[in-house]
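Next up: the structures, one after another.
After this come two complexes, each holding subunit A, first together with subunit B and then together with subunit C.
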Partner chain A sequence: MFSLLRSMWLVFLHMFHKRETYQYPEHKAPIPARWRGRIALTRDPDGGERCVGCYLCAAACPVDCISLQATEAEDGRRYPLFFRINFSRCIFCGFCEEACPTYAIQLLPDFEMAEYNRQNLVYEKEDLLINSQGKYPGYNYYRVAGMSIQGKDKGEAEHEEPPVDIKSLLP
Partner chain B sequence: MSTGQYWLVIGGVLFVILNTAAGLIWLERRALALWQDRYGPNRAGPFGLFIVLADTIKLFFKEDWIPPFADKIVFVFAPAVVVASVLMSFTIIPFAPNVMVADLNIGLLFFLAMSSMGVYSIVLGGWASNNKYALLGAMRGASQMISYEVFMGLSLMGVVVLSGTFNLREIVEAQRGGWYILPQLIGFFIFLVAGIAETHRLPFDIPEAESELVAGFHSEYSGMKFGMFFIGEYMGITLISSMVVTLYFGGWLGPAFLPPVIWFVLKTFVFIMLFILLRASMPRPRYDQLMEYGWKILFPLSLLNLMVTAAIKLLL
Partner chain C sequence: MATIHIDGKTYQVKEGRNLLETCLSLGLDLPYFCWHPALGSVGACRQCAVKTFRDEQDTKGRLVMSCMEPVKDQLRLSISDKEAAAFREQVIGWLMTNHPHDCAVCDEGGSCHLQDMTVMTGHSYRNYHFSKRTHKNQYLGPFLNHEMNRCIQCYRCVRFYKDFAGGKDMDVFAAHNHVYFGRHRDGILESEFSGNLAEVCPTGVFTDKTLKQHYTRKWDMTYAPSVCQGCGLGCNIIAGERYGSLRQITTRYNGAVNGYFLCDRGRYGYEFVNSSRRIKQAAVRALTGTDIGTAEVLQYVKDKLASGKVIGIGSPRASLESNFALQQLVGRPHFHLGMSDTEHDLTTLALKILRQGHVRTPSMQEAATADAVVILGEDLLNTAPMMALSVRQAVNRQPAQEAMNTTHVANWQDAAVREAMQDKHGPCFILNVQPTRLDELATVAYQTAPETIARIGFALARALGAPLAGINDLTDQEQQLVTQMAAALMNAARPLVIAGYGSACEGVLRAASNICEALHQHAKPSMLVLTTPECNSMGLEMLGGLRLDSAVDAVMNGEADTVIILENDLYRRLDKHAADNFFRRCKEVILIDHLYNATAEKATVLLPAGTFAESDGTMVNNEGRAQRFLQVYAPATTAIQESWRWLLQLGRVTNCERLRNMEFFDDVIHALTQQVRCFAGIEKLTPPADFRIAGQKIPREPHRYSGRTAMLANISVSEPKPPVDGDTPLSFTMEGYRGEPPSSVIPFFWWPGWNSVQSINKFQVEIGGSLHDGDPGKRLIEPGGNGQLTFFTDVPDHFVACAGHLQLVPLYHIYGSEELSVHTPGIAERMPAPYIMLSPEDARRYQVAEQHQLQVAVDGHPYTFMVKVNPALQRGMAGIPAGLPGTGIVNMPQMAKV
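And then the complex of A and B:
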């Protein structure tokens, strides 16, 4: 009996406690920097696309919401011809970000993407590309990878030894 | 009273009661939110008051579905019973010295009879739904209401012994010397508990028990038929609160700086808030615990209260 009255009193006192609710459109909840929200394609420091069209994100996606087509530029760089994410399917698991070998695909702390038309949730490459390096500033895949492209031959990348001539006996 | 005044009182009481019941939708949600560190509905209109309007419109436009396996006539009839029986009970409540619909000399008995009628709505609704959960809820509702009805009546008899009348207006008048809450403290407590059980509000919402029985007796109801049960419940809260005020807290009596009606409304409001606070803070007891509590504790206690009151009244 006493415990009942006590719990009623304690619940009554909650009247004077601070509210837990965020009045959403006016006051936004603080979102952590690694929040998994809208997916974006980032750019390297030179402003080029980071995505090399390796399909690993599409393979990792558990709901198959990513579709892309890789192609190659004249200078030997690979890039996606189209890159499409269906956000009405996406579950924001972040597996694509983990799978990406070039830090191209990243999840941003932004979730306000409601649409009246379901078709508008299908984002094309133009919608996904952002003018930012995202979480990995200064990273440029072609500058550190050993792949040869126009203007940068094998062995010319950062921290890369020149290629070993396996036909030669000289050290 | 002239015929015109009479109709005015009837219309006024009906208007106020129905609007109170609708307003309680908002009040309960806001008050519950207050005690759970939330805000509650605060967007539609000032303080979210238009949520009442939105809820009503929503209920009216919901599909009013009658299950093909239900007993159609009884299914439609059941929700009306609860609203009608509660509204009938309001006829005998004295809101102010001359503001009462029917000055019955057996007002208290009429109230008990009408509040017992409410059980038909639960049983018929649950039975006609032809659904396991609804039937379980209806069975629980019936046994709960019948067993709590017993000592609800007995606890009121203490007041009747003290005032010597069943007429609610005279009971209020008899409290001019002092409210019955002091001599009838146990009676008040038992009546409050029985009243909560009678309106099947939390913690005694065993017929509904949404965590066990989907929604209990009104699992199959939708649209305005569900709305009737809903409104009936809120009117039940108002009814029990105003009965508590009338019987134990001197009804419209109070210091003269406020008119009697205001006193009545204020006191009733306090008890409505108590009902909501109970909902915010109490867990639901198990069904057998509820029955045990009723028959083994409250029933003997109410008998004891009645006997002691009668003995003291006889000796003094």
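And then the complex of A and C:
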């Protein structure tokens, strides 16, 4: 008898608690920054594409829903000629983000991607590329490592000495 | 055999080899960099350290480099010893101090020996916190990319390029941690084998530049075992495809044929497959503009075949199966071999010599074991490049043996043996119309007319005891050369004679045969290599058919009016004017080919054929070895089919009795082996289409193939069913049996922990030996089959310069002389412009100098060329680049009026 009344009392008290239900879509739930939602391709601080087309995201993808073709620009930077994610297959596991050596591919706290037509879930590079550095501001792959590109010659990356003069006899 | 103990286990191993090879042969994993199975050991990288123990009581042991330590009976060693493992990890840590962190943008990544070895040693954390030295890169030509920062100083590149392949323009510069591998300044790497650097380099210093144009990682390509189409040698290749275009050619190890290497024509000449000149739709000229499908085209062809008098013209660059299907469709009396007259004569003669003679023709790896070489009228680096690499190894044989005898070092002690050898070469004689790039190896290199080369050859055969008439008009120098060659051949244990199509002179082939027959009389195990012009010239000749001339005659006489041409550009076989006349008289020209060429211009019906990458087929190389190439990928459009499949379909619509009940590849092979006896056994070259391992097909794609559910999603989000392969035991997907397939159908070399090409070690019986169930391919010609052939007695007449005329002789070019490879931009870049090469006397006589234009007339038709002068050329002769686009002259030698 007592436990019955206690339960009713507790339920009654809930009426005065803070509501956990959000009136979605009018109200959006706050999502943590590391939420694994929509995948985006970010840019480096200079505004260049971060993706160098290394194929590691595609290789890491357990459902094989990423396909791309790497190519090289005039200035020596590599970039994807096309970059396609089939979100109708994506399981939002985040392996691609973990595999990415340049912080280019990032999963954003955004899940509102539903479509009536499945074909619309195929995202091309134009759909994926965002005008932001995402979660890793300040990082620029080509300043840290990589080949020489226009504006960064050999020996100008971090922790690099100027190129060796191989004709010099000095030790 | 010796007994050795590795980590407490006992193994029976071969004596005389080094520990590294032995461990790898036993299937054990041991990291290494500077050692290469074809290059031997130098002990430079210190990566393969193991511990050896004095006896059972010894627990301390000592670290040794396993590549420098010979196998001894009762040797005790440990690979897993803690100290040895720590040492190896430390060494790779040092090697990596200056290695840039650029795997993401490195083309080697995913097939990188350095990555594999780093993982194998367990080195995972960088302890070096100072800055890295950097290097400037060089431009090395259209084939190789240079990224010197990645170098780990293993010295493999220079050891391959300089020591093994004889290149002169690459070396190591500077000292200590500044060492630099490259050219003295930017420029195109000259060696015909430079592309191998991409495979020899354990990391990404040298990478494939054509791959970079459409870069794809190793794990992302669809592969199939294939055979190179570049020349008559038939090197084994692996072809990789992605997104419907061919991406890369790599070496497919074959212990008998090409070993670990390929030439640059073979490696880079693949881009015709992706050419914009590909024929992609079946078309009928009369119905241009109307929208017709394959069925309508077949119907059209059926009507034409029913009403016309049909002949077929085969092709030395099409597979045996395609040629056979055409032969069956048109009937044997109407099947013509699509070879030019000279090529036909030379290949017929070569086949006759190989079949009826007593002398064995060696594979390329056997040829490399020769100890004396005579090359008659052949510029090997341009006519059969990989054979030149064998000759390079052969001329080292004698001095290397001497060095080993005097210094008592093993043959794998590369640096020691080369130091002891210095610049010594074994006997090698090169006779050609002009100097060749192999002449630097020659004891004597002599330049003269092909006829004179033949006469010297006959004199040599006589000097070796052949019952031939004497040749009295040789000069003193030539006479001396004959004596010198005779002595060298008699002293050699395994003499090798090389001749072939390069001289375009039958007398030279006969002379080569005579020399070998004479050596055979002395019971010498001599070897005779006869080169053939195209990838399937020998196979076509064995299949048999009428001459191309008779096809022209038949059309001109009105005996035929409808021609089916199989993968052939007749403008490369016939004189332009003769071909024009021929096509003018034909009512219907049905062409089955893959590239839009001059013949396609004349065709009334075009049927798009698959290239080697889209077809299954068999080819026979110059030694008579039948080899199978398998389809790499299914073409994007169903209109592109294998030539033989087109012909089977034509057979079906015309109710051809001879092609009844044939649908799949195996059916064609079965019929072929039934009808043409000399091809018996080729059905076993690869397992049949219904072959399964554990109920599964063999996957063409690696297990980490990516993008399956996205690559075609832009067309339709619903993934299409993968194409089904009814012709081979391979599947077009990544699903299937993951173990080791039979050697003939290995689509790619990969082994757990071994992602790079070095994984070949895991597929071999022993290092450098054959693949696990034998090297693929089957020799169809063995010597002494009937032993009818003894000696040719018809000595060709002396070459006489004719006033006002020049004898045109073909000069071959590795880049340019082959029909298909010139569609690769890099190869086209390295192709020479058409020229005419004159001797200085002739240049004076016709008052021209270098760079001038000279007009010559062949059969009354004028041709103008830029003049090159070569003092080595015989007076009265003129060299014309053979097969080069824009040259226009075929069927050399020919007389030309100036």
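We take it that the second predicted complex is superposed on the first by the 139 of 171 C-alpha atoms of A that agree within 3 Å, B and C clash if a C-alpha of one lies under 4 Å from a C-alpha of the other, contacts with A are read in each partner's own complex, and residues count from 1 in each chain.
The rule we apply is simple: contacts are C-beta pairs under 8 Å (C-beta built on N, C-alpha and C of every residue); 3 or more make two chains touch, one makes a residue touch a chain.
Being a predicted model, the structure only gives us computed values, none of them experimental.
With both structures placed on the common chain, the touch criterion links A:Phe12 to subunit B but leaves subunit C unconnected. Judged by the touch definition given at the top, the superposed model places A:Ala114 against neither subunit B nor subunit C.
Of the two partner chains placed around the shared chain by superposition, subunit C is the only one that A:Pro163 touches, whereas subunit B remains out of contact. Taking subunit A as the reference chain, the count of touched residues is higher for C when subunit B and subunit C are set side by side. When the two structures are aligned on the shared chain, A:Ser67 is found in touch with subunit C, with no touch to subunit B.
Judged by the touch definition given at the top, the superposed model places A:Glu20 against subunit B, while subunit C stays out of reach.
Of the two partner chains placed by the overlay, neither subunit B nor subunit C lies in contact with A:Ala29. Across the complex, subunit C is touched by residues 52-56, 58-59, 61, 63-72, 78, 84-86, 88-89, 101-102, 118-119, 121-122, 124, 141, 144-148, 154-155, 157, 159-164, 166-168, 171 of subunit A.
Of all residues in subunit C, those touching subunit A in their complex are 100-105, 109-110, 130-137, 147, 149, 173-176, 178, 180, 212, 214-217, 219-220, 243, 704-711, 713-714, 716-718. Within the complex formed with subunit A, the residues of subunit B that make contact are 34-39, 277-278, 280-282. Across the complex, subunit A meets subunit B through its residues 4, 7-8, 10-12, 14-15, 17-21, 23.
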